[in-house]
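The first chain written gets the first letter, and so on, giving A, B, C, D and E; residue counts start at 1 in each chain.
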């Protein structure tokens, strides 16, 4: 029981520590800084911290070990998911820097960084405790971040998120309790004991655990919070939520459900997950059809896209995992990019999240419109974007593992979604609409971020991970 | 022993019911306090002495006080909170039904035959006198585990608490006059001067 | 490398065109024409080189692999020719954007025809919808048309994608178009994959009953774009049938061919009959396309070598005359400001040159002997007859008769009748406009007399 | 090379006239005429070579194996080529005068030349596809020429009708070509005929039937004849060229060309002969009921072509072809002469408004007289020889009822041709009589007003009169004399039969004639004279001439409806096929397409949108509702996980 | 009490905790006062904690204790943030009622 903590253990979580420390540094620097450079210093420190953490993470690429007695695992999956978390954090930090309130910038950035710490912790979580703590770290910071704007909508979003998420965490926790009871251990490795397959406590625990996971991934029917929260939360926070949260939770899902459960019953145990994934594809895409708010629409879009990603994971093949990872990376870029464009158009009242404000954008801000078009087309899965290739990979993996019905649902859902995404594209290039008053002046960081995302979305098509 | 358990169980369930049914939040707090106390006693019977203490100190001492504070802040003491129209009127019946079904399912799962837990082989613990080292559930044992095997989770709680602190500051700090930029500072000063001038009238 | 240039040149030129001044029509037109002409020259000069670049090898092998087969060579030449003509004939508001869209369409479609990899094929399949979609957004009378075009075709693209993914999953590589090693695939999944491919191709072609997106699209797309769309984009489905559905799954294709034959015959007759009563000139041509393409589908479904040879001739011929028809209808619409057959009339006196061009084009469309359409029809029908489908051949002949009825209705309705006296001066075909159609007509005539070049193939 | 020249010079002329029309002005007519003349001379120069065994053959190019193209000139095609270019030349010459001052003078000649080219292609091709190309192009040229005055609704409709019926014919030939190519793997006539003996009877019958649909459509055989009378909407020279001398006889050419096929298929012969006979008599009967001079001639053409088809159909090839030969001259002459009248009367075509024209148009009088005599088969005139040869040939080939029909038709022909002649030239000029008094329908009067917008109002000088008169005069000569080529004392060695010695299969039953040739001639003459007698009695007696106006009015009003409406064939075709197709098209295009098929598509889209609205409605914004949904989900999951355990 | 053995049968603890847990769930759904909802959530957490402690005793594995400790800590942090959110959400509102917060919908 008295395992010694070594340097290697600390090295495993060094990136998280760096990020956490960066959060502190932002706060401290904010206190010390002269007033009018606060924004720049906060962003600069946050970005440097994230990039440093990223460097540390990717230095671990190719290694595989567990630290803290199995509480934290460094492997291929943890590195990649942490990378995506950091990407999401970077993008959101940039967006917050571009449009966030100046007076709260340090606090918000610090919370965002710590939230990212939680997601990174989940990415490498090797036991139930780490999962729980990572999730709570992530969620607590997000509760605060949602309510950070001085708008009734933001407060409402924070409240809804708080109550629903806490409830879901309660289910998750209870499930963990049952899992602990069934296995006698908190380590994920204990879950793979084949003797557990006939233990009803274990099954019930898995079920409740999954409720918590599905809630965070906003799978139908646990999705109801997502549209409201996405709409109400400040734009950069929504961007962060849509990427980083999902990255952490997906990592948990992969690690727990796909790699740890007793192998002979894994397909039985996961069937409900694939079913809700299928339903999510349809409901998410259908839900987009009549939206007027971009963030809300992207929430539904996220519901559907997580369904796609789960379709790739269904069957649990290695190729499916790669496909999911690829699609998720692509999804991150296109989502962040879309939010970046929205940020470019936003003034004090987040005009960029109102779809009506996009009409005629193709003539007012052609480059922004072009970038937005790329992102929307990528979400719809049109070439030459990574969304296209991602869908191919997902379809391929579903077909290979026999989940053709998921592939078929994906096709149906995609066809529906085209209508919703195309609506915005059409509005942007429609000239018969009234002009919209100009938003805030050009925000270079957001524009840069949008450009990078657009390039990434296209480049990923031609340079997928597996050349 | 079973008398104690069943007594505690009755208290737990009753206080929990009271918590969710009390018409005034303050009563809920009191009921919850009772619940926590009963739970702490139950922990003691399960040789979790440190946890029992923590349960009392943190939950009853910190969290419930926080609740009371907020209740006081949002209402005038023990008066019931004002509510708006019930927008989801007849939720109680289906909700309780659903919950009962879910509960029933869990209970069914619990009572299904399943292998009984066994002590871990080689677990170097013995459950004996309360309070000694090397005794299961003792404070020393707990502390050692916390600082060795479970160091990482423990460290993370630090971060979580920091998030809580900073989060609350960021959330609640919005009405404090905050001097962001020189221009903003000037605005604030100006508004303050005007306010003082009005007061003076 | 040449094939790559064939694809990239128009794409880059199209993108660069957006950098030119918006209102300088002459400049954008000349730049566009030079680019399109260069592509045409390259397309003709292209001699079956191929170019490949490993895209990824996990989870299956996909190569960005381009190369022309006999069929695709001709399709690309047709594409280049039609695009050049369409660029020359562009005379719409916001000409620069239209020309750019035309070039982008050319690039994506060249990519489609030259793709040797199923995934690349699927990629360009969806990509080629975009230029048309944007043109429809910008120019169509009802935005709903853009939707309908896009959603409908994209739905087809999705089943195609599913089939490609399944193919990749089962065979480990999608670099299979024109690769004899992958011919005659047999597997329990093959019928499903075939169904996925076929749905996409049926929608794109289109074949009854998946055609309802087409009349509206053709009606509302501006003339230059619709010329290319109807001439070449509709061939993507036919190309797919030949190069993918037929080549990869011959036995299943044979099994399912009767369905295709029935649909093709219905398309032929249905399109012809509906064309007979349309009031809008472009819709007449749209439904005539349904009818004509049904004939090609019939040829492909009959799997007779002679019919397939004829199909190539007819593919080229249909491309030429439908492009020319739409361009001419564009000219007519521009002058008369209407497409309604009830209001058109009497062009013959005011615009003899336009009428002449219109006349030749319409005659080619109705399969006049001596023009390319006739050659295709004849050879296809001989092949179809040889394949034993006597009833289909006879019904096709009925469609031929109907074709002359609706084409003459269109031609005479627009050009004949009394001169309308109270209209403003209507200028006749200008030199540039004539030049834009002349290559198409010349090619129709050439292949009508001597289609040797199109027929030496397909052994 | 000469052959190619003969073929392509008219094409070149057509292109030149079309492209350079605005610059050529009146020169276009001369250019076109010269082109046809060159073609004629070139053909004539090939006479010697063509009459050698095998004829002249010129291989051109090949589409692919089995699809070899070439030109050939053997006696049969030589005959046609000479008629086409020779008569064509005269008609071109005539047109220079007739079309003078037309707005589209050059275009007219472009079409005319194009027509000659197409016709030459038709007869010179050595293969089915070439023939079909020519066939189609002839149809096209006729479409252009019939609809030449395209501002007139009736002309446009007539042109369309002609074209579509011709396409039906093309399609028939295409059908035959499938059968042939699928079995012979070659499109050449020679290969086909060589292999024809191996065809089974049903196949051969199908091929012949397909070919005959083509022939029937082009040669206006019942029931595909309805375009021919309407085709008189074209200018008169067009009527002369297309509907007399050349185009309509293409069917005869085709049947004659395919003699090897027909001779192996008695059923096909029966079919063709029957249709031919039917056409002959139907045309003749309808000819008696017409008032438009050109329509009378049109029905007579139809009737005469029926003769030819009957002849070549049953195996009397030489007779049928001979009748084509003589008919070309006298019918062209009749048309051109009637054109003179029409020209002189400023576009009046109704015979009721003529009368007493002998003095006004003496040349027309003589020309029409000769033509009428020739067509009636008065001994010594060309028609006598050829018609008798057909009638006799039919009998020799064992079809006595056709023999009877032929004779009867000859009598009716004599009646209505003389009727035409008498009404036109005898009595008083009725041009100034009120149309109503003549029994003319008022709408017909209105329609005539818009007629032939051509030559009036032109400020230019008139073309010399001789360009119109000379061709008419020249045609009189062969009209009278051409028949003598067929005459021989021994009945078999006429120049004609020597010319075609190698062309046609010898009829097996040729000798089994029940009636000798001289007897046939006498019977025919008797019938013809009877017909003439009736005509004389009705129109030429003194009293008839005196009461001409009243008589014509009576006749107009009492004309049986059946004949006025041409046995309702047109009505039937229009009602069944045209309306039927339109109805189906409307049904598909207005109901099935937008509502059923597209309705299904839109229904799918609408249901997606409806589902979206539902999802929105469920998203009520109430936290407790969301929590309830979550618990619902939890319940579902637990139900699965608690009861899903493997046991 | 021998090591590994509980004072009572394990299922009794489990059933007690399940009942508590679902009382908490009910509270979240049926109550409209956000503070009571939060208290209900605390009940859920405590039910889970009971589970951990009972199982820790049953397995003689102190991980359950640690977990419960962590849950208590997290609950404290969460309560702090939650109450802050409730305060800001309802400070401007006349009623303290989650049904008031339903502007975001659709």
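Basically, a contact is a pair of C-beta atoms (placed from the backbone, for glycine too) under 8 Å apart; a residue touches a chain by one contact, two chains touch by 3 or more.
The model shown is predicted, which means the values in this text are computed figures rather than measured ones.
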**OP:** Mind listing the chains that sit against chain A and also against chain D?
**Re:** B, C, E
**OP:** Please indicate which chain is farthest from chain C, where distance is taken between mean Cα coordinates of the chains.
**Re:** B
Original post:
Farthest chain from chain D, comparing Cα centres?
Top reply: B
**OP:** May I ask which two chains are joined by the most contacting C-beta pairs?
**Re:** B-E
**OP:** Let me have the rounded angstrom distance from the C-alpha centre of chain C over to the C-alpha centre of chain D, please.
**Re:** 36
Original post:
Between chain A and chain C, what is the gap in Å from one C-alpha centre to the other?
Top reply: 43
Subject >> Whole-Å separation of chain centres (CA-atom averages), chain D against chain E >> reply: 98
Original post:
Any idea how many Å lie between the Cα centroids of chain A and chain B?
Top reply: 28
Original post:
Where does chain B touch two or more other chains at once, residue-wise?
Top reply: 87-88, 91, 95, 99, 102, 105-106, 108-110, 112, 117-118, 120, 145, 150, 153, 157, 160, 163-164, 167-168, 171, 174
**OP:** Give the residues of chain C that touch two or more other chains, as numbers and ranges in rising order.
**Re:** 151
Original post:
Considering chain A alone, which of its residues make contact with at least two other chains?
Top reply: 129, 133, 136, 140, 143-144, 147, 158-160, 163, 167, 171, 181, 184-185, 198-201, 203-204, 227-228, 290, 419
Subject >> Complete list of chain pairs which touch one another >> reply: A-B, A-C, A-D, A-E, B-D, B-E, C-D, D-E
Original post:
Which of the residues in chain A come into contact with chain E in the complex?
Top reply: 128-129, 132-133, 136, 140, 143-144, 147, 152-153, 155-160, 162-163, 166-167, 170-171, 173-174, 176-178, 180-181, 184-186, 201, 227-229, 231-232, 290-291, 296
**OP:** Note which residues of chain D are touching chain C in the complex, please.
**Re:** 18, 61-64, 67, 103, 107, 129, 132-137, 140, 147, 150-151, 153, 156, 159-160, 163-164, 167-168, 170-171, 174-175, 177-179, 181-182, 581-582, 584-586, 588-590, 593-594, 597-598, 601, 605
**OP:** Within their complex, state which residues of chain E touch chain A.
**Re:** 14, 17, 21, 24-25, 28, 34, 37-38, 41, 44-45, 47-49, 51-52, 54-55, 58-59, 61, 63-64, 66-67, 70-71, 74, 77-78, 81-82, 84-86, 88-89, 92, 98, 101-106
**OP:** Would you pull the chain B residues touching chain D in the complex into a rising list?
**Re:** 87-88, 91, 94-95, 98-99, 101-102, 105-106, 108-109, 112
**OP:** In the complex, go through chain D and note every residue touching chain E.
**Re:** 616, 619-624, 627-628, 631
